[in-house]
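Two complexes come next, and they have one chain in common, chain A, joined by chain B in the first and chain C in the second.
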Partner chain A sequence: MNQKINQHIAYLMKEKGVNLIISQAKDSNGFVIPHFILSENDIISSVIAINEMRNFFAYLNKQEIKSFKSIGIVCNYFGVKTFFQLKFENQLKDLELFLLIPTDDDFIEITSEKQAEDYLSGLKQSTILVDEELENVKKMSMEERWNYWMKTLELCTKCYACRAACPMCYCSSCTTECNIPQWIPVPASLHGIFEWHVMRAMHLAGRCTECDECVKVCPANIPLNILNKGLHNKISEAFSSDDSSIKYALNFFQPDEKVDFIK
Partner chain B sequence: MLNKQIHYSNQQLQSWVDGLIYKGKTVIGPVKKNGVTCFSEIKNFNELILNERTVYSAKEVVLPKYDILFKFAKEKDKVFISKNENSLNNVIVIGLRPCDNEGFDYLRLFFKSDPDILQKLNTFISVTIACEKKFDGCFCEELGIDKNYSNKTDVLIKTSENGYDIYFNDRGNEILSPQASDVKPAEIKKPVPNVSIDNKVAYLKKLSEQYNSEKWKIVSMGCLGCGSCAFVCPTCTCFDVQDEGNTQNGQRLICWDACGMGLFTKHASGHNPRPSQVERRRHRIMHKFVYTQDTEGKISCVGCGRCIAACPAHLNIYNQALQILQ
Partner chain C sequence: MEDFEPKLAAFVCNWCTYAGADLTGTSRMKYPSNVRILRFPCTGRIDFMLVMKAFDSGVDGLIVSGCHPNDCHYTSGNFHAQRRWVVFKEVLDIMGFDTRRIFFTWVSAAEGAKWAKVVTDAVEELKKLGPYSEFKKILLKKLQFPLDNKTADREIKTEPVIS
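Let's look at the complex of A and B:
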């Protein structure tokens, strides 16, 4: 990372009691990888364009990482969005987090929900590519759409990298692991694959932060972001006209709820 | 043993593969599907992608991601069981790499007491392409595998001036059916046995002395606990057994499973002997470099680098082993 961030990382470790920084680096093959800084000796300078950066908030779901308590994370827009959503879902209760967002030769630090909200409201990330692909899929007839998904899902081996890399997939026990009853067929047959991805998309509806980590880590190149974006739009239509006010459509509850199943 | 050789032009290679398909052989090779290079049956030569490493290994030919072991059906008070017969007769796998052959070689050792899988492994005919260059993350040479040569294949293709030199054994002769006048005795440069490899294998075995090392915590930090490394690996063999169906009929399946996943070792009681990624990552590295030295007499990593490319954190299993040993 740039010099200013690195200086700040050293400061956080020395003065603020931060004992882990999840930074980003490029390996010898050019892959963007997590770089864990456990002491000042681990600090390296690396150059990664802001739009090449990945979202490593999924590491906060690991107990071994959580136990560090006070953690710095180098991230971009999507990391902040994830932080905001996780805060809203009460998932970061026992953690003290320092978000470091690199800018040209400086950085922005975010530690609270309020700061995150201010940062996000001032920015709008382009989602043109996903939107275009989603439009293409929506133009298809039902039969074409079915064939499209069968073709793209065919190579899925159910390695669950999508779930592992997703910061929003933090459940300690996943529906797919429930076997009494077996909701999702275990084999990576079309039936099993289809039900897995539909179930995951449903659970992310209105919560997905569009960081596209699931797409980046999928060995089978499945455009899961189209599925998530499609559901995101549906949720927007049903619950709100404004993106920023959808926080938790899935289990958002109001006392004057029209349906009574939740009571 | 690759004892004969012929020379093919680009055109001849294409005609040969298309001819095999025309004659009714099942030809499996690297193709692009949904932007992903993987092994699949081809209908003509032009589908083949011969200059890339596949994302998924060729083990799928023998051990698909899920497979039916047998089907069962109940009629009145009798139960009928029908075993699933799918042999690999007439199957030619083209576009393997020397590391893929080492992978199959390991599978033959691992499945030595499973006649069904062993029979599959020994039935298909393998056509290997020598690697001209390394792919991202490949490290086969570090483990003593020559990227330009394999003695565990039926046909070996090497690019040469104006086409390809094709080396083959008796099984290769059957599918090539060359004209006698074109065939020459094989003149192939075999790799010189490398003694330093034995030293390296012995060095890797020292990982067992580091079983309780604190460094495992460091190397496992990046592991998110998915199964992508195991599912792209040419030598990962673990599977889960699942029954599908109802009281009247159904089937028993074997499905890929992965030691990186928490559920893999979780007991019915809820106890998990490998409670975190530290133990799971250690198991994976130890299994590849140490345990199979004892059980099968060789390390079970072939250095293809597929797991490094597929891993969400691009963890390098070989570098991590060396890091532990340092």
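Let's look at the complex of A and C:
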């Protein structure tokens, strides 16, 4: 992180009583990993481009991290988006958060929802790559699409890294752990994998911040962002009459909604 | 496919479609016996995972039915269900699942004739489509390791944020 951010981190720890800063660093292989700063001695200067940065908000859902109460987190655009969504879902109660967003040689500090809203309204996320992939999938016939996904999902080992890394997957008891009934079949079979991915997409529908953290951590490189983006498009198209303050489309309805496939 | 008898499940709501199906019977209307009716408290209770479980247990098609909008016993259960189905259908469509096999309908307690028609049409459609062998294939298939499928070299690109 740049000089100014490091100075500010030192200031936050000394003056504001911040106990923990979740910063980012690179390991010896060049992967971006979290760097936990517990005291001023832990501060390191590392160079990570803003587009390379990851979203470590998943840590904030852990009880042992929550117990620090006053936390700073280094993030980018997606971090702010996640912060906004988690606030809406009442997951950041009793937490004092300082979001630090590095810019060229300065940084932006965000502490409230109002500031986050202002920050987000000024920026636009590029979706060219994922749109292209979604387009390619949608162009296929039904059989081709099924074969494409079955071939891709064959590599999935249900390691649930996508769940662990997702800042929106915070339920303390997940459906995958439920075995009466066994919702997600445990054996290495395609129908269990298929069901897990359908379930993951459905539980994130309308809430996903599209930070692509699930794709980045997937050891099988499964393009989960295609599903996330597809649902995002569908929700904004089908429920376009919703006003923009609604953050979870499936928790809401309009009485005059008409759906053409329900006869 | 002449002698193929499809296995059809129906997830119906207790207050409208279940009563509607009852009316079909008491008014002595005939409909195919392929359907297995499962009663739910409300369409809002029909979790999408239950739909997946139905296909896991080997059905060829599924009817999901409940009260018409504004008729829900619990005021808004069917409105919530309606939104969920829009999203659920999109997931299945993107993944290439055959969504022609899921029939979404509204049948009220007075529409005994409509229920008979819904079931007859569904069975007819399923007879045309045949058994859902594609899904049954993955139910039976065990993955053999190591896999010879090597698609994991897909490159991950991060998208920039434009101001």
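Going forward, the second predicted complex is superposed on the first by the 245 of 263 C-alpha atoms of A that agree within 3 Å, B and C clash if a C-alpha of one lies under 4 Å from a C-alpha of the other, contacts with A are read in each partner's own complex, and residues count from 1 in each chain.
Methods note: a residue touches a chain if its C-beta (ideal position, glycine included) is under 8 Å from a C-beta of that chain, and two chains touch if they have at least 3 such contacts.
Since the model is a prediction, treat every value here as computed from it, not as a measurement.
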Which superposed partner A:Thr127 touches (first chain B, second chain C, both, neither): second
Touched partner set for A:Phe31, first chain B, second chain C, both or neither: first
First, second, both or neither for A:Ser39, with chain B first and chain C second: neither
Chain B versus chain C as contact partner of A:Ser67, first or second or both or neither: neither
Touching partner for A:Ala161 - first (chain B), second (chain C), both, neither: first
Dominant toucher of chain A (residue count), chain B or chain C: C
Partner chain in contact with A:Lys151 - chain B first, chain C second, else both or neither: both
Shared chain A surface residues [contacts with chain B and with chain C]: 151-152, 154-155, 185, 187-189, 216, 219-221
Interfacial residue positions of chain A with respect to chain C in the complex: 50-52, 76-77, 122-130, 134, 137-138, 140, 142-152, 154-155, 175, 181, 183, 185, 187-191, 194-195, 197-199, 201-202, 205-206, 212, 215-216, 219-221, 223, 226-227, 230-231, 234-235, 238-239, 249-253, 255, 257, 259, 261-263
Contacting residues of chain A [partner chain B, same complex]: 27, 29-31, 33-34, 36, 38, 58-59, 62-65, 151-152, 154-155, 157-161, 163-165, 177, 185-189, 192, 213, 216-217, 219-222
Chain A contact footprint on chain C (complex, rising order): 48-49, 52-53, 56, 69-70, 76, 79-80, 82-92, 94-98, 103-106, 118, 134-135, 138-139, 141-143, 145, 147, 149, 151-154, 156-163
Of all residues in chain B, those that touch chain A in their complex: 33-36, 38, 55-56, 65-66, 136-137, 217-218, 220-222, 224-228, 230-232, 240, 242, 244, 253, 255-256, 258, 261, 263, 276-278, 308-310, 312-314, 316
